[in-house]
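Think of it as A, B and C in the order they're written, each chain with its own count starting at 1.
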Amino acid sequence: MSQIDVNYQKKELPEKLFKMGIILLVIGVILGLIGFFVDPTRASFNYLIAYTFLISIAVGALFLIALEYATGAIWSVPFRRVTEFFAAIIPLLLILVIPLLFNMHNLFHWTHEEVVAGDKILQGKAPYLNVSFFVIRAFVIIGIWSLFYFFLTRNSLKQDSSGDQKLTGKNIKLSAVFIVIFAITISITSFDWLMSVEPHWFSSIFGIYYFSGTVVAALAAVTLAVVLLKEKGYLPEKITSDHLYSLGALMFVFVNFWAYIAFSQYLIIWYADLPEETFWFLQKWEGSWAIFSILLIVIQFLVPFVALLSKPAKMNPKRLKFIAIWLLFAHLFDLYWLVMPQMPGLEGGYVFSWIDFVFPIATVGFVILIFAMKAKKENLIPVGDPKLERGLDFHL
Amino acid sequence: MNVDYSVEEPVVHGRLSLAEIEDLVVKPLDSKPNKKFYIALSISGSLLLIGAVLVLFTFYYGIGLWGNNQPVGWAFGIVNFVFWIGIGHAGTLISAILFLLRQKWRTGIARFAEAMTIFAVMCAGIFPIIHTGRPWLAGYLMPYPNQHGLWVNFSSPLVWDVFAVSTYFTVSLVFWYTGLIPDFATLRDRTTSKIKKTIYSLFSLGWRHSHRHWLHYEKAYTLLAGFATPLVLSVHTIVSFDFAVSLLPGWHSTIFPPYFVAGAIFSGFAMVATVLILVRKIFDLQQIITLDHLEKMNKVILVTSMMVGLAYGTELFMAWYSGVTVEKFAFFNRAFGPYAWAYWVMVVCNVLFPQLFWIRKIRRSIPIMMVIVILVNVGMWFERFVIIVTSLHRDFLPSSWGMFVPTLYDIGILAGSFGLFFTLVILFTKALPVISISEIKAVSDGAQPSHHRGENHE
Amino acid sequence: MSNERKIYGVAALFTKPDDIIKAASKVANEGYSKWDVNTPYPLHGMDNAMKLKPSKLGFITLFCGLSGTALILMLTYFTNSIDFPLVIGGKQFFALPAYIPITFEITVLLATVSTVIAMLTFFFKFPSNNHVLHDTPYMKKVSLDHFGIVIEVSDPKFEQSKVEELLRSFDPESIEIIYHKEEIKYPIFEPKFITFLIIVALAVSGGTYITLNKLMFITPFDWMMYQDKVIPQSRIELFKDERGMRTPVEGTVAKGFIPYPYLGVDEPPEYLSNPLIPSRENLKLGKKKFLTYCSPCHGNFGDGDSRLHDQFPNPPTLHSQRIRNFEDGRFYHIITNGKNVMPSYTAQINRNERWAIVNYIRVLHRAKNATERDLELVTKETATNVAN
């Protein structure tokens, strides 16, 4: 079976989407640059948060694609292309990482040689936490991700015109390998960019913590895109609330998974009460940071849990749209909570700065822009995929 | 190999009719046990008996008969407990999680796996009870109002274990029984023996396959599956808390909860695979428990093996990265100390051998599969042994270091737990249908109405 | 005979899922309410075909699960924060993070168990092994590989010929009329049943007795009933006289007790000194004890002129010069040891009281030999005080 009579007419996404992306991005970039001049440390931290957020969306999306291939899932096939559009950000990370690498001094204590010289613990970590190895790791990892992105999406696109089932077979093998490499690289990424902001602290579950937030964010992005596109009629009618239910259920599951990982990390450190571990959490309880910590539980767990608990809620497009946006914000909030309390000057509590709002704007614009650009060039659904027909017919 | 991804693979091979499926599944219940059955039962029964006798000795003479000492106060008892609980998790995962993920291939193996869960939890539950030394006083551990005004310590992970394992056992039993009700009804309606009819009628509660009932039944089943899934994660997480909330190097590591859960699924699937390979051969169920299903299970084993390997790697890295001397030593000691042999058995069996499952031919080869999954079980037992004994035998003060040597009683009681498990499994195969009759009928070819385009959904 | 039986309903059997789905929708559309579909496994789309409303089981799950959460949080709060607050691991009394695992488990336990129980008892009204459909050929087929529809007589729109026609229009494999079963009466006093009851009663009581009274007391499960200690009144071969209860060894004294060293010695080498000060209480005590124990022989004032005068060998007066010169300890020795006819008073008067008596004797001495000053003092006192 090559072409399926799915009546897919490629509709162009409206121009204003494109425009919105560019405007938001430009505003974000300009304000960001100003921010760098005004308060380089604050700006660097916010850039870091935006960067890791983009990794979550992009690499998380690629992970979802790989998961679909590896498990042989059917229901997600119709909007796998949408997910691929999000993953398109990955090669651009090679460029986006550069400003961060130039600002490592503002971000990481362990880059300051005088600090390391006086600290035995940091000296012990120096074989791993040194600038050159760090930079190499960053580029190598993004490079590996980009390779997998390239091959996976190339096969998927080729299949649009050829319908060749062997391409699916190839992608399944690539996906299996990618998942293994993803697990390792996402852990290393989280250790490097997020955990080493506090170089004295360590937690073996941290990679999984970042992973759980990543999957939630990627799912939220895909859900939001799918619901919006379906509402505006860009996706085939056959994508029904049954498909949405699956997305909603997955979001629900991973919200719970995030809560489980976050709680495990907290409970183990709280229980043993070792100062070398608890200080990290205590820092997030200083002054107004305590409110952030409580809010994190509410925003990332309690509200989405209750909102997605019932079956009708998981299928309702309005509810899903709202929760998807909510969860994207929640992941940003999570990343913010992870690093900001360590910023020099903010140890006593949160201090407001307009710079905090600039980078999210740029991020949103960036994602919309990339999505719109890819949607211009390619089909919105993988028309050549052999599983497409079964995917569109999917019912609970 | 050419796979057509546009059609769904059939769950049941050979285009069996509903009646043929039922006959296949019910045959062991209607036939008298043969010689092979008795041989198998006597082997497992002997192991069970040996274990029981050694347990009675332990009650009479005390825990001194075991190898426990200071500093290794926890040894085989807790290793066996964690081992068996881990094995139990595969059953719930296959039953509940694969159900929620709408993986139809679970149907042929779910009933069996659930039964194995219940038996494994029974084996596991023995150990916390006997390792107290005076288990007949175990009732005092429950929270009851007393003159001392004492309550149990709800902050202790050991008490969390009590809640977790009891809940897990109860929910698994309820889930299993709920699934059995329609099957009891089917058995009741086809049996000719009066005694069996009475028993089946009793247990089927009068189920009459009414669709008004199926409506609630399916909802209840989904709810149970939805609860059993986080339950399974929580039980082994709580077991991991036994170790992780302590201060001991090698134990106090935040990755323990997901690491233990992955390991539990890993060892559980290996045990399920072991038993299933034997069962499908003995009872001619190859068309219902197909090679495809076994291949899928092997993929799960491969994935969880890599998760466990990733956890090993992360722990090693974090031990170095943390800079904590005792932590670094704990891992160095594991790999190169006096128990290094156990550590390398663990790594080879858990991480290396399952990598062979990348190769499709091996995934579909019954003899090699059998060897690998047995090695996985061995490796996972050693993983618990390594974690517990190496961290205990050399912790903070070198003057407190010691060695642990298991006694005959330790080993014999472990063998006895295997005996109990396999005895229950063997008896189960003759007493109850090993495959859920109603579920397997529901996923066979042509079983569902076609206006939903047939078979491509739950 | 079959004409007499009551009809339960009319049933039709099908072999293909598509057929019964169509049939079921039509029956629902016709407006029947008391009818049912029986299938060996749930068919997709049957819910909609039968126009069934979604199950409300989830609400029970939610309610019971949340009750479980509340109950266990209350229990942990009560036990560790109110009833017996304990600082465990340096954490606060209500250590919520530590209680989360248990809370989760109990929530799940109550939610799941209540769901199943509610489903079986409330929704299904099980057990119902005496339902009409059991043991019919219809049921046997439906259990195996057929799909069936039953329309009951109790439905308001039921009319046998119309129903049969409707069912026939679906082209089923067969149509069957389901009858109620004959009521078989089971007399209670059937001999087999009575025998069975008796056997069960014997077995259960015997088993309970053996278990609770015999098996449960096998060492080491014997609740410490059999101990290697000697209980009162028991025999023991260890001693020659085989008595379990022993008397104290010769010379045993109570703990902390120092025996009077001159018991039985007429002329002791030394006398003890009086530890009691002559305070008002001590003197009152001495007076009381003297009047109780000493006055029957010695008289109320120590003159030796008691009631027993001439009936009993007289004690000497205590006011002679010789006796007035006795040390306190000598009086003590006489009371403790006895003298001549006077016995030892150790059994009746304890040490403290003996010294109090000695002080009182001194009072009597002073009273009998008062000086001018003493009288003055007494006068002074009586002038200013009310009679004491």
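Everything below uses one rule, namely that a residue touches a chain if its C-beta (ideal position, glycine included) is under 8 Å from a C-beta of that chain, and two chains touch if they have at least 3 such contacts.
This structure is a prediction, so every number in the text was calculated from the model and none was measured.
**Student:** Would you mind checking which chain's C-alpha centre is most distant from the centre of chain B?
**Tutor:** Most distant chain from chain B: C.
**Student:** With contacts counted as defined, which of the two, B-C or A-C, has more C-beta pairs across the interface?
**Tutor:** Top pair by contacting C-beta pairs is B-C.
**Student:** Could you state the distance in Å from the CA-based centre of chain A to that of chain B?
**Tutor:** 34
**Student:** Just how far, in Å, is the C-alpha centre of chain C from the one of chain B?
**Tutor:** That pair's centroid distance is 39 Å.
**Student:** For chain A versus chain C, what separation do you get between their C-alpha means, in angstrom?
**Tutor:** 59
**Student:** Give me the residue numbers in chain C that touch at least two other chains, ranges are fine.
**Tutor:** 44, 58, 89, 91, 98
**Student:** Which chain B residues reach two or more other chains?
**Tutor:** In chain B, residues 230, 237, 241, 452, 457 touch at least two other chains, as defined above.
**Student:** What are the residue numbers in chain A that touch two or more other chains?
**Tutor:** 267, 271, 395
**Student:** In the complex of these two chains, what residues of chain B are touching chain A?
**Tutor:** Chain B reaches chain A through residues 2-8, 100-101, 230, 233, 237, 241, 244-247, 252-258, 303, 306-307, 310-311, 313-315, 318, 321-324, 358, 452-453, 456-458.
**Student:** Can you check the complex and tell me which residues of chain A touch chain B?
**Tutor:** Going through chain A, the ones touching chain B are 1, 71, 74, 120-121, 124-125, 128, 165, 168-169, 176, 179-180, 183-184, 187, 191, 202-208, 249, 256, 260-261, 264-265, 267-269, 271-272, 274, 276, 385-387, 389-390, 393-396.
**Student:** For the complex, which residues does chain C have touching chain A?
**Tutor:** Residues in contact with chain A: 44, 58, 89-91, 97-98, 100.
**Student:** Using the touch definition from the top, list the residues of chain B that touch chain C in their complex.
**Tutor:** Residues 17-19, 22, 59-60, 134, 136, 143, 149-157, 159-160, 163-164, 166-167, 170-171, 174-175, 178, 182, 185-186, 188-190, 201-202, 204-220, 223-224, 227-228, 230-231, 234, 237-238, 241, 437-439, 441-442, 446-452, 457.
**Student:** Which residues, counting only chain C, touch chain B once they are in their complex?
**Tutor:** On the chain C side, the touching residues are 17-18, 21, 36-47, 50, 52, 54-55, 57-58, 61, 75-76, 79-80, 83-84, 86, 88-89, 91, 95, 98-99, 101-102, 104-106, 108-109, 111-113, 115-116, 119-120, 123-124, 126-131, 133-134, 139-140, 142-145, 220-221.
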